[in-house]
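Okay, got some structures for you below.
Paired with chain B in one complex and with chain C in the other, chain A is shared by the two complexes that follow.
And then the complex of A and B:
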C-alpha cells in the first residue's frame, strides 16, 4: 500500500485547510504577472540577468558524489544563482495562511528552500529563480489574500494590529493600498522602496471568504478549544497533548 | 464553571491606554499615522536631541531617518500601566537606561555578598585566644560600617571615599539564634522576627540555626565602576581590616589570611555563579543567577504571603527586567527590543488576569493552593485551560492583542500564566514548568505562530528536559538559571521561570524557595530598591520619583 501523508488532524475547516496548505494542493485564485512579482520582491529589475555566486554546475565539474547523482539540482542551483528571499506578514484577523503553515508548505513542496518562522513574519530563502517561482505560487494561490497578507522584507509590524478601516492589514510603510476601484495595489517593494508603477494585485477576499479559507483557530471563527465555560477540544489539541506528554515522559525515561 | 473567574483585569489598563470611551473590541480602526509627535516622551527626546546637536557638533537622535523617509510612530503609541499599581508611564520610561529603579535593583544584587561570621570567630577564639562577645561584635560592626564604604582603619589616615557618595553601603548581621540576635545593636541587625510573619520567621531561623551571617552591601558606585566580581574582593578587604582593628590583631600575622580566606572563599555566598569562559563573566553577574535565588531575593512573599499570584508576579517582574532587559538585552546583545519583550510580563495587568483566572480555577477544582497532586495530568488540565482562556482574551480584545504585538510577548505571558497556575496548584515547580511547555505547544498550534526563532529551539524541545534525569538538563527549576544550557539565549523566558519557581513555594506558603540566607539578606531595610514591591518601584522609577544610589553629582559641576 502506497503511503499517503495525513499531514494534519481534525475535521473542521481549519484542519482541512491546514492539510491543503501542507499538501500543496491549493486553489489558484489569481495570476499576477511574473514581472510584477519580481518587481515587488525587489531583488532584481524585471528582465535583468540573474546575479550568480558560482558558475553553472555543469561548468564546474562536480565531484563523483552519489547524493549529487540522486538529487537533481533546482534550476536556480544549476545556474549558480545567489540566494534571495521573500518574506510574508499574515494578519491574525483570518489571513488564509499563518507562519508555520507557510513554512510547512515551503518545506514540503518547495525544493531547495530554507523557511524561517516567526510570529510576525515568515521567510523563505532559495536560489533567486527558484524563490521567484515559490513567491508567485504563494501570491497566486489561496494561501494569500492581498489585503490580509503582504510581502515585507523589513518593518513587518502589523500581524497582530487591528485592521485599517478598509480591511487592509496595518503596514507602517504603506507598501500596498486599496484603490478606488476596490482593487489592492502594490506601490512599494518588500523593503519599502517605491515601485515605478502601481501593481494591481486584484480584489481582497470578503470577510466570509477569508474565514472560510483561513488556517487560524479563533474563538470568533473555528475555536480550537471552544470558549470559556464551553470547552470542546479540536483534534489538534488532542494531538498536541499526546505529543507533549510523550516528549515529557521520554525525557524522564528514554526508551 | 470557569466563567465566573473572568475578571478581565486588563480592561482598566486598556482604558487608560486607549481612552475610556474607546471600543476595545473593535477589529478595525483608523490609523492616524501621527508619527513621533503624538507621544510626550518622543517629543522630549527630540527637543533634547536638538539642544545636544550644537553641543555635540554632530547629529544624533532623529526618528525621521527611518526607511523610505516615513517617520516612526505610524501606529498609536500608548503608555504602559505597571500591573497592580496606579503608575502609568511611557514605554521609554521602562528601558533600564531611563529607569533608575531598575538600575538600582540590579545594583543591589551585584553589590551584595553574604559572609559567614562563625569561621572568623573560630579563628579569633581558637587560634588567637581572643574573646568574642556581643560587645565585641557590636564594636566590630560599628567599625565595619565605617570601613566598608571605603574608609580607613588601622593604617593611619589614608585616602577615603566621600560619605555622600557611598551612603547606601551597609552591613547588617542575622542569625537563627534569638539569644544572640537580642544582644546585637538594632541598627546592625536584620531582625528576622520583625521582618517576617511568625511562621516564616520560625522556619527561617530553624534553617539558619545558630550560625550567624553578614549581609554586606558595598557601595553602588563601586559596582557601577567595576562589576559584580568586585564585591567579594572589596568586602573581604574591608572585613579583614575591620577584624584587625576590632580585635587588635597584628596586621601582618598569618591568621589575617585565614580571615581573608573565609571572607573570599570559605564562608562566602555569591549572589550568582561565575560563568564559563565563553561568556566571560565573574560571579555576581546576572548570567549566573539561579531562578531560586531570584525568587528568594524578592520579598513580596513576606509582606503578602496570602496572595501567591501576587508574590509570583513580582518575581516575574524582577526577573524579566534583570534577565531580559539587562542580561540578555545588554550584556549578551544590545538595543531596545528586549524591553518590549519584558514589559509585557509586568504591565497592563494582563499576566495578572490570566494567572488569577488559572489559580481561581485550580482552587475551585482542587480545594486550595498546593492541593493538587503533582502529576502531569494536573499540568495538562490547568495549562490547557489557562492558555485557551488567554488566547480568547487576545482575540476578544483586539487592543490587547495590539498591545502584545509580538508573538514572543504573548507566548511568554500565556506560558507564564499556565506555569504559575500549575505551580501554585501543585506546589511543585516542575509541574509548573511542564505547564509552561504545554502552553507553548498549544499556542503554536492554535495560531500557527509562536515567538522568534529561539522559541522553536527552547520551547518545542523543552518538555523533554522537565523530568529529565540527565545531569546537565534535569535540574529542579529552582537550581536552573540564566546559563542553563537551553535557556541561555532566549528572551521572554528567564524571568517567567523565576516566577514559576516562586509560585511553587508561594503556593505552599514556604518561607523561602532555596536559600534562607538570600531571603533574609534582601529583607535588609537598608537596601535602596524596594524588594517587596517590584512593580511599584519600577513605576516610581518610570515616573521619575525614585532616587538611586551611586549618584556622582556631588562631585561634579551642576548641569
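And then the complex of A and C:
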C-alpha cells in the first residue's frame, strides 16, 4: 500500500483546513498577474533581469557529489539567483492562514525555501525566481485573504490588533486600502514604497467565509478541543497532550 | 459592606470592537463631549507615523496618516494615533448612563465600557524628569512615557493643545 501522509489530526473544520494547507491541496481563488506580485514584493522591477550571486550551475562545474546528482536544483538555484524573501502578516481575526501554517505549507510544498515563523508574521526565503512563484501561489490561493493578510517586509504590526472599521487588518504604513467598489487595492510594496499604479487584489472574504477557511483555533470560533460540551475532545488536542507528555517525560523519544 | 460614593470622580475605559476611522472617532468624541462631566480624556491606539520609520523605504512619506484633523467640541486637532481606546475621568457616577448611550449612538459595532483606575495619581520618575513638579495633577497619566517629547492633547473650555514632533 502506498504511503499517504496524514499531516494533522482532528475532525474540526480547522483541523481539516490545516491538513489542506499542509498537503498543498488548496483552492485557487484569484489570479493576480505575475508582474503585480513582483511589484508588490519590491525586490526587482517587473520585467527586469534577475540579479545573480553565482554563475549558472551548469557553467560552474559542480563537484562529484551523489546528493547533487540525486536532487535536481530549482530554477532559481540553477540560474544562480540571489536569495530574496516574502513576509506575511495574517490577522488573528480568522485569517485563512496563521504563521505556522504558512510555514508548514512552505516547508512541505516549496522546494529550496527557508520558512521562518515568528509570533505575528511569517517569512519565506528562497532564490528570487522561486520565491516569486511561491508568493504568487500564496496570493492566488485560499491561504490568503486580501483583507486579513498582507505582505509586510517591515513594520509588520497587525496580527494581534483589532481590525479596522472596514474589516481590513490594521497597517501603520497603509500598504493596502479598501476601494469604494469593495475591492482591496495594494498601493505600496511590502516595505511601504508607493507603487506606480494601484493593484487590484480583488474582493475580501466575507466574515463567514473567513471563519470557514481559517486555520486558527479560537474560543469564539472553533476551539481546539472541538465542539464545546462534547463528551470527548477532538483528536487535535489529544495529539497535542500526547506530544507534550512524551516530550516532558522522555524528551520526545517515541519508544 | 462598603458603599461607593456617587459624588466622587470615576475613571472609565471605552474599548470599541474595531479601530475607529477619524470620522467615527470624531462622532464618538463629540457625543462624549456633549454628555458632559469630563475632567480629562485620553485617546489611545497604535501610532500613525508620518513617514516610514525603518527599512528600505525609510523616510518615505505616508500621506494616508497626514492631516487626520478632527473637530471635537468646536476645537480642531490632529490625530496621531488610530483610535482604539478612550480613557476618561468623569465628575461623578451620574454621567455614566449618558456615556453608554453616547457610545451606542456613535458606534456601529459593539464596545466595552470598564470602570477602574486608569490614570496614575502620583508623578512617576519620567513625569518628574520631563516636567519637574507637576502643578496641575490632571495631566498625570495623559503623557506617553515612551514618546521622545511629551505628546499631549488637552481638551478644555479654553484651548486645545497638541504637541507632537514630526517623525
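FYI, the second predicted complex is superposed on the first by the 242 of 255 C-alpha atoms of A that agree within 3 Å, B and C clash if a C-alpha of one lies under 4 Å from a C-alpha of the other, contacts with A are read in each partner's own complex, and residues count from 1 in each chain.
Here is the rule we use: contacts are C-beta pairs under 8 Å (C-beta built on N, C-alpha and C of every residue); 3 or more make two chains touch, one makes a residue touch a chain.
Everything numeric in this text was worked out from a predicted model, so none of it was measured.
Trainee: Check chain A with both chain B and chain C modelled on it and let me know: fit or clash.
Mentor: Aligned on chain A, chain B and chain C clash with each other.
Trainee: Considering only the touch criterion stated at the top, classify A:51 as touching first (chain B), second (chain C), both, or neither.
Mentor: So A:51 meets neither chain B nor chain C here.
Trainee: Which partner does A:236 reach: the first (chain B), the second (chain C), both, or neither?
Mentor: The answer is first: A:236 touches chain B but not chain C.
Trainee: According to the stated criteria, A:173 is in contact with first (chain B), second (chain C), both, or neither; which is it?
Mentor: both
Trainee: Under the stated touch criterion, which partner chain does A:119 make contact with: chain B (first), chain C (second), both, or neither?
Mentor: In the superposed model, A:119 contacts chain B only, not chain C.
Trainee: For A:35, select first, second, both or neither according to whether it touches chain B, chain C, the two together, or no partner.
Mentor: Neither: A:35 stays clear of chain B and chain C.
Trainee: In the overlaid three-chain picture, which partner chain does A:244 touch, first (chain B) or second (chain C), both, or neither?
Mentor: It touches chain B, and chain C stays clear.
Trainee: Mind telling me which of the two, chain B or chain C, contacts the most residues of chain A?
Mentor: Tallying touched residues of chain A, the top partner is B.
Trainee: Which of the two partners, first being chain B and second being chain C, lies in contact with A:60: first, second, both, or neither?
Mentor: In the superposition, A:60 touches no partner, neither chain B nor chain C.
Trainee: In the superposed arrangement, which partner chain does A:162 touch: chain B (first), chain C (second), both, or neither?
Mentor: The answer is both, since A:162 touches chain B and chain C.
Trainee: In the superposed arrangement, does A:227 touch chain B (first), chain C (second), both or neither?
Mentor: first
Trainee: Could you name the one stretch of chain B listed in 42-50, 132-140, 150-158 or 240-248 that collides with chain C in the superposition?
Mentor: The stretch that clashes with chain C is 42-50.
Trainee: Based on the A-chain superposition described above, do chain B and chain C contact any of the same residues on chain A, and if so which?
Mentor: Common to the two interfaces on chain A: residues 154-155, 157, 161-165, 170, 172-174, 188, 191-194.
Trainee: Give every residue of chain A touching chain C within the complex, in rising order.
Mentor: 42, 153-155, 157, 161-166, 170, 172-174, 177, 188-189, 191-194
Trainee: Give every residue of chain B touching chain A within the complex, in rising order.
Mentor: Result: residues 1-3, 6, 26-31, 66-68, 70, 72, 74-75, 376, 380, 384-385, 388-389, 391-392, 395-396, 398-399, 401-402, 404-408, 410-411, 434, 437-438, 441-442, 444-453, 456, 461, 463-469, 473-474 of chain B touch chain A.
Trainee: Which of the residues in chain C end up touching chain A in this complex?
Mentor: Touching chain A from chain C are residues 16-21, 24, 46-49, 52-57, 60, 62, 64-65, 82, 84, 108-109.
Trainee: Spell out the residues on chain A that touch chain B in their complex, using ranges where they run on.
Mentor: 18, 92-93, 97-101, 116-120, 154-155, 157, 159-165, 167, 170, 172-174, 188, 191-194, 215-220, 223-229, 231, 236-237, 239-241, 243-245, 247-252
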